[in-house]
Amino acid sequence: MSKPSLSVTTASPRAKWIAGILVVSYAMVAMIPLVWIFMTGFKSPPDSISYPPKVVFEPSLEGYVNLFTTRSRQTDEYIESLGPPETWYDELVRKRNMVITGPSRFADRYWNSVVIGFGSTFLAVFLGTLAAYGFSRFKVPLKDDLLFFILSTRMMPPIAVAIPIFLMYRELGLSDTAAGMILLYTTVNLSLAVWLLKGFVDEIPREYEEAAVVDGYTRLQAFVKVVLPQMRAGIAATAIFCLIFSWNEYAFALLLTSGNAQTAPPFIPIIIGEGGLDWPAVAAGATLFLLPVVIFTVMLRNQLLRGITFGAVRK
Amino acid sequence: MRQLKAFAIAAAAVTAMTVGAQAQDKEITLCWAAWDPANALVELSKDFTAQSGIKMNFEFVPWTNFADRMLNELNSGGKLCDLMIGDSQWIGGGATYNHYVKLNDFFDAEGISMDDFLPATVYAYSTWPKGTPNYYALPAMGDALGWVYRKDWFARPELQAEFKDKHGRDLAPPKNWIELKEIAEFFQGRDIDGKTVYGAAIFTERGSEGITMGATSALYSWGFDYEKEPGSYDMAGVVNSPEAVEALEFYKSIYDCCTPPGYSDSYMVANLDAYKSGQVAMMMNWFAFWPGLAKDEAVGGDVTGYFVNPGQNVEASTLGGQGISVVAYSDKQAEALEYIKWFAQEGVQKKWWSLGGYSCHKAVSGAPDFADSAPFAADFLVAMNGVKDFWQEPTYAELLQSMQKRVHDYVVAEKGTAQEALDKMIDDWTITFEDDGKL
Amino acid sequence: MTTQTVDQAAAAAARATPQRIAHRVRGLSDRAIAWLFISPTILLLLAINIFPLLWTVYLSFTNFRANQPGREFKWVGTRNYERLLGSEDIWGYMQATAHFVVWTMAIQIILGLGLALLINRAFRGSGFWTTLILIPMMLSPAVVGTFWTYLYQPQTGIFSYILNVFHNFGPIDMIGSVSLAPWAIVIVDTWMWTPYIMLLCLAGLRSIPDYLYEAAEIDRANWLQKFWYITLPRVLPFLMLAVLFRGIENFKMFDLVVELTSGGPGSTTELASINLKREAFEKWRTGYSSAFAIILFVTVFGLGNIYVKALKRVTS
């Protein structure tokens, strides 16, 4: 029997080691900015702009407090007149001669991101699955043209799309509404959803459905009971991609939303503190904004890879 | 008809006042930029809520996004803002495109007289067409571009001696731009208390209005003008005059010689940052920040001195500041007007100044003790006497973007010459005015 | 007929109805199902994409301004297009865009394919490091752009600090320097999106059946031959698809770069979309910017079309 190391498809241990070290180094270098974001979220504002950059520092929750509150600078006498601070975050803020004047808009913006992100993802995946199945299994006239047409909608720069959408939404009263944003993100995501999902459907053997039809299923039942379960991984992967798009989208949100339906991406970059961007607060916002997507991705990691490499792991 | 309308508005205001007690759930939103004075306004407005029962919401946007966001809001007919403290240059568009409610009848009905406010501020913040008695805003916040310097550094004997040795005069706030540059060069790269410091923090921001506001403070001092005759849109030979070219070249030379490293995109907050952290000897910024700066733990009190934008050929300062307007798309105009009525009162205006807002009311800034009420108050009056504003045309945003590009291309990106930059700016502006039917 | 029987009949009918509808649905012809499935997508795209596109085409021949809705606007023929194509500024924006697209794609193809080959070799199945590498592309470009301005701070930023560990450059002003700014945006985009290319290459690699390599081994092919004749042709369709999507995205690039440099210094990194945003939503020259939008669209559409043809040839 030949040793596994002689097999051509498995690399030699040494090559594996070198490759592994290279990959791990890349990953670690690529992680520096993210680790830095995470760390900066726990720095105090002075530490965040110190030179040389501080790697070891006294952790502080000021960034998170600043992210969720609005504050105003007051004189010492005024602050003393308020009596002792009631909460730990009051105390933190008063150390900087400030008092909390109210909550910031971050929570609202974040919630908008959740509603708009999940709403548009659900719609895009739902419609995309149907269309992908239609394109994959049936003779549709001008199929290639239609598919290309769907893809072509992705070629418009978002700003270009935003011009007529701005006018249209102004007429329809959809400006600065969650419904308007969901509709828009659904449309933008549809092209990706249809293309990705069609690939997944294509890879499901038709024989499965044919067998089901022979067993007395109708076409629709075969779709629901045979094809859909097979597509689960593909749908999950597609949903993640759609969700990431909606969650992160910036241009439309910047131009078409304002005080009501604004999502987090246009909000986080403009968290201004005393003098300049409040980097710990920006970092805190970025961390909270990124975290769910990271968790989601890690949870669905295997499905994500399986979805992308569908053919290889068909079993 | 006019009287009828005035009566209607007055009636609406009165009704709003009388039902104020029951109107606990009433609330209006005021939109402004996110900066020190806005925090002061929040404090001030608590009195309004206490009196009228109308709850105040605030939407504050950082300056670099302010115009962009709020003009977009107005142009999309949004109902987010009931009251808008819009920048001075918006008044032309606000009036022409009916974003703002015309306030003449309301002023008449309520006995609010524009004569009670500083003429320069009424002209700049309220009127359109310029100088006519058509009011679209109440002057809310007077402001101009000014400078601060590190008084403590300037006072050091060894620096004093060295400077005198070099330039034959005392190290003191500059009287003109040449002196300003000499001082900035003097401090550039100097070691102070073990830290490298730099000459001056100036405006160089590209995205919104930063570098235009900075560069015009030099241009105006060289005698820059926008047109040969007001209203003629005849720009050739004025906008690109030899003085204008010299001024712009001078502004670039300060950027090149005397700013901290990486100072290519800075506006108000970046300058404050640089100044408060002890990086620069001088900083250009708006008077609006001086009350906050005076209270600052690091650079407040005696550490900081103030001076008016230095003249060169003439004495002039770039205008800042805003009027407060009622948004035409608002459903709560009566409450919004009530706020303006309240805000216009003498007592409220006095409190506004004490909280750090620059009142434009004559009873405040015209009072004999005003000049002594803060270390920068006298400077403020001097600056406001020589203010000059950018175009306030309805197409101001377009004109501004052209200037931002041309000036930034030249000053920061080293593209072409000052002459070319100003020539191209005239070309851009000509197209804008042609498109707008003004030429 | 008694009321009771009427009720019974009604109840029976009620019971029967869902089944009947179900039956009717079940009995749908393939053609009907196809249209039922596809039409919502097509309709939505028509309403939110094609109709606005046509509107944009119309507006591009007018001097309409979105901030003056009440004002009369007129047909100006091809004036907007003439102005655009005759403007040297526009060529500057297009060059900046081309520089960005070409370099990001070139670097990311090399890095992405390289990484995929390494990962495929090093640890098939173990996804920890792969997942870690994927994270940057999950981030919001606008937030990433903002944060990288912090990393790029010449004095206090960690980017300059780390580079200075290797060689004493002094403060490196990535964003403010005319020569470095175009690379500053390429670096951030590469950091973000190399994983995307890698992921698709990895999918391509994993689709290659082992027996192909085994057969090549029997033929005594060396690693280069294996790469050239087996790996590359199999990965190429995936790679090209990845480049298609990323190439289009980068041609349209807005969020990341606008937050990083806002187009500066001067107009050094003012990509086409950034300028379009300024024209459309800051200057409110709707007609003019519509014409610009159409020119951009035609450019991407044309290039994309050629590319897809090439992709099809590779796949088949």
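The letters A, B and C name the chains in turn, as written, and every chain counts its residues from 1.
Rule of thumb we're sticking to: a residue touches a chain if its C-beta (ideal position, glycine included) is under 8 Å from a C-beta of that chain, and two chains touch if they have at least 3 such contacts.
On a predicted model such as this, the values are computed, not experimentally measured, just so you know.
Student: Could you tell me between which two chains the number of C-beta pairs in contact is largest?
Tutor: A-C
Student: Please flag the chain sitting at the greatest distance from subunit C, going by CA centroids.
Tutor: Most distant chain from subunit C: B.
Student: Need the CA-centroid distance for the pair subunit A / subunit C, whole Å please.
Tutor: 14
Student: Suppose each chain is reduced to the average of its Cα coordinates; what separation in Å results between subunit A and subunit B?
Tutor: Measuring from centre to centre gives 38 Å for this pair.
Student: Residues of subunit C touching 2+ other chains?
Tutor: 66, 153, 155, 281
Student: Would you give the residues of subunit B that are in contact with at least 2 other chains, written as numbers and ranges?
Tutor: 72
Student: Going through subunit A residue by residue, note those that touch at least 2 other chains and give them in order.
Tutor: Residue numbers touching two or more other chains: 49, 166, 170, 255, 277.
Student: Quick one: in the complex, what on subunit C touches subunit A?
Tutor: Touching subunit A: residues 25-28, 30-31, 33-38, 40-42, 44-45, 48-53, 55-56, 59, 66, 69, 115, 117-119, 121-123, 127, 129-148, 150-151, 153, 155-158, 161-162, 191, 199-200, 202-203, 206-207, 210, 213-214, 216-217, 248, 251-252, 254-255, 259, 272-273, 276-277, 280-281, 286, 289-290, 292-294, 296-297, 300-301, 304-305, 308 of subunit C.
Student: Could you pull out which subunit A residues touch subunit B in their complex?
Tutor: 49, 72-73, 75, 97, 101, 166, 169-170, 175-176, 255-256, 258-260, 270, 272, 275-277
Student: Over in the complex, which subunit B residues touch subunit A? Could you list them?
Tutor: 29, 34, 36, 39, 42-43, 59, 61-62, 64-65, 69, 72-73, 76-78, 80-81, 269-270, 272-273, 276-277, 292, 295, 297
Student: Show which residues of subunit B lie in contact with subunit C when the two form their complex.
Tutor: So the residues of subunit B in touch with subunit C come to 67-68, 71-72, 75, 93, 97-98, 206-207, 260-265, 394-395, 397-398, 401, 405, 408-410, 412-415, 435.
Student: Please output the residues of subunit A touching subunit C within their complex, sorted ascending.
Tutor: 8-9, 11, 15-16, 19-20, 22-24, 26-27, 30-34, 36-37, 40, 49-53, 127-128, 130-131, 133-135, 137-140, 146, 148-168, 170, 183-184, 186-187, 190-191, 194, 218-221, 223, 244, 247-248, 250-251, 255, 264-266, 268-269, 277, 279, 282-283, 285-286, 289-290, 293-294, 297-298, 301-302, 305, 308-309, 311-313
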